[in-house]
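Handing you a structure now.
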C-alpha cells in the first residue's frame, strides 16, 4: 500500500485539503488505495522555512518509498518551478521555493526532477496542490516512473538564511509550545550555548531549572532548543527565526528568573 | 473500499469527531474497513453557508460512490429534517438546513431521501453526528440501500441569499487566506468586475499587480475571486458573505494602492 | 486491520504528529497496515483533564481491540511512568499522569501495565510520543503481547479534583462551543440543577429557551451540560473546570435573559 502524506498551509476550515484527497483517491484509489496521511495543515500561511523544517524532521520517520506532498506555495502561478525530489529513499512533491531546503541540506544524496508531466489538462492559476501536486503523488502511487516526469535539475529554492556554517546555529523553527528550535547539532553544542547575550548550559531535563526559567537542551531533532519550563521561550526572548546561537564553554548559568 | 469523508464544525480539540470515527469503524470496519477521510473540521461553528461551499467545491473530486458526511447542525434536536442526498454519483449525509444548497444548485440531477432508518436506538438530543449521520454512512458503506432510508423529499434548507441570478455574483466564501470567493462563473465575468464601487480587471496572476494591491482573478472553483497580493482582501474590503459582484466592461483599474 | 487513534496536544502546525505516524507506518506498516485515525490534536497544551475527558468519551465508540495513544505529557522526561492501560476491551498507551483517570473511573475492570519494553534504543528527552508511545502502539498492532511490556501497576495519575461523590457533579470539560460539561449523570440530576447560584430545569431541547438564555440539558455523554442557546455558556458564567453542580428540585427557572 502506497503512503502519501500531505503538508500544507491550507488550514482545516476550507475545502482545499479535501479536494487534494479527492483527486488522490479518484486517480490512485484502485491500485490498491493509498493511505493518505495528514502531516500538518496549519503551517502559517506562506511560511516556507516553517514548512521546510516540519518536512525535514518528520517525513524521514516514514518507510522507504513513501510519498510526501508539500504545498506551501505563495508564488503559485508565478515563475517557481515544480519538482519531484528524491531524498533518503522517499519521494517529495511540491514547488521549488525552499520547502525542500533543509531536507536537501540534511540528505547528501538528494536530487530533483522538474515536474512537467503529471498535471491536469487544465491547471488553475491558484491551486496547483489539486491540479499538479496531488496528481503527481497519485501517479507515483500508481506505479508511474518519477524519473519520466522531466529533466534532472538543481533545487533553486533557498531559505532567508543560507546553509549553516560550522560552530554556529540558527533558530530555524518556533513550535506550538513556543520552543526555539535551532539547527546546531548536539555534537557541536558542547556544554553550553550563547544566545541573545545569555549563556545557557545544556540541561538534561526541564526539571533541572525552576518553573519560568529559560533553559537549553537537546531536542527531538538532535539539535539545541531553547525553552522555558512551564512557559514559552518565544514570549520571553522574542528571537525571530534566523537568530544565531553559538557554542560556549560551560559556565554558571546567567539565569532569567521567572516573571522577568 | 468505501470512502467516507467528514466535514464538521466540531474542531480538533474535543472528542466529537473521534466518536463519529469510532462508530464508523465499529459498524463498518469489517466490510472491509472504509477509508475515513477528514475533509474539514474547523468550519466556523454553525456557519452553514461556509460548509455548503466547502462541500460543493471539494467532494466532487472524489470517486463516484464516495460517501460525504456533513455535520454543521446548529438546529440539532429541533425541527430540521435529516437527509441523504444523491448528487453527481456520490452520497451525502447530514441535516437539511442548507449545507447541501450549493451542491444541489450546481448539480442538476440531485435528489434527497428523508433519513429515518439508519440511527441509534437511543439518539442523544445534541449529537446526531454520532447517533444518526455516522451510522448512516456506515450503513451505506456496508451495502445498505440508501433508497430504503425513507421517502424522497425536496431539500428545504436554504442559504441567507437565494439562488444566483444571471450576470450577478455573490461573495459566497471567505477562505483562510482572506480571499473573497464569489459564485460568478468565468463565462459571465468578462474582462472586469465591479465590487463595492471598484472596477477590477480580471488578472491572470497575482504578479500582475503590486504587493498590497487588490485584484480579481478566476479561482480554483472556476469563479471570480477578489484577493490582495501578499495580503488579505477580507481586511481591505470588509465585504461580508452575500455581497454582490457584477461583470463590467474592461476599464483602467481603479487601483487601491498598498497600505490604503 | 488494527486501528490506532492519536490524541495529542501537538497541534497541526508542527511535525510531531507526522513523526508519530511515520514511526507507526514504518514499524507496523506490513502486518497489514493499521488504520491511523486522528482523534484530536488541539488539546490545549498540557491540559491533562481536557485530554482525559476526550479520551473517556470518544474511544469507547471504537471496536474492541483498538489501540488509543494519548500524548499530553507536560512532564515528559521527568518521573511520571509510562503505561499501557486495558479498559473496556481496548488498549491505551501514554503517560501515567491523569490522562486515563476518567477512563478508569468509568470502567470498573481497567488495569495498567508499566511500559518498559517497546521503546527506541535511544529515547529523546522531550518526545516520547515518537520514541516510546508510537512504537508501543505499532508493537501491539503487530501482534506483540502488551502483558509482556512490564509489571502490572496501579495508575498513579490523578486529576486536580478527586473522584466524584454521589449527588454532586463537577464541570469536567468546556467544549469548542463553550458548553460546560459536567460528570453528573442523568440518573442523579433529577428535574433541575443548581450551579453558581442559579437553578436551571433540565430542558429537552435548546428550543425550549429563548436565544441568549442559559439552560441545562443532558448531553451526549449522558451527563448534565450547561449551555446558552445561540451563545457560549463559558462566557456567560465564567465557571472553571472543577466547579460544582448539584441536583435540585424542579423550580421555575431563574432565567438569565439575553445580553445580561
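Residue numbering begins at 1 within each chain, and the chains themselves are lettered A, B and C in the order written.
One rule holds in what follows: a contact is a pair of C-beta atoms (placed from the backbone, for glycine too) under 8 Å apart; a residue touches a chain by one contact, two chains touch by 3 or more.
Just so it is clear, the structure is predicted and the values come from calculations on it, not from any experiment.
Peer 1: If more than half of the interface residue numbers appear on both sides, call it same; otherwise different. Which is it for subunit A and subunit B?
Peer 2: Both copies, subunit A as well as subunit B, present different residues to each other, with under half of the numbers appearing on both sides.
Peer 1: Please state the rotation angle, between 0 and 180 degrees and to the nearest 5, that superposes the Cα atoms of subunit A on subunit C.
Peer 2: 120
Peer 1: When the C-alpha atoms of subunit A and subunit B are each averaged to a single point, how far apart are the two points in Å?
Peer 2: Those two chain centres are 30 Å apart.
Peer 1: Of all residues in subunit C, which are in touch with two or more distinct other chains?
Peer 2: As it turns out, subunit C has residues touching two or more other chains at 12, 38.
Peer 1: Within their complex, state which residues of subunit C touch subunit B.
Peer 2: 1, 3, 5, 7, 12, 35, 37-44, 50, 53-55, 57-63, 66, 173, 175-177, 204-207, 217-220, 225, 230
Peer 1: Give the list of subunit B residues in touch with subunit C in this complex.
Peer 2: Per the touch definition, subunit B meets subunit C at residues 9-23, 25-26, 29, 32-33, 36, 38, 45, 74, 77-78, 124-127, 130-131.
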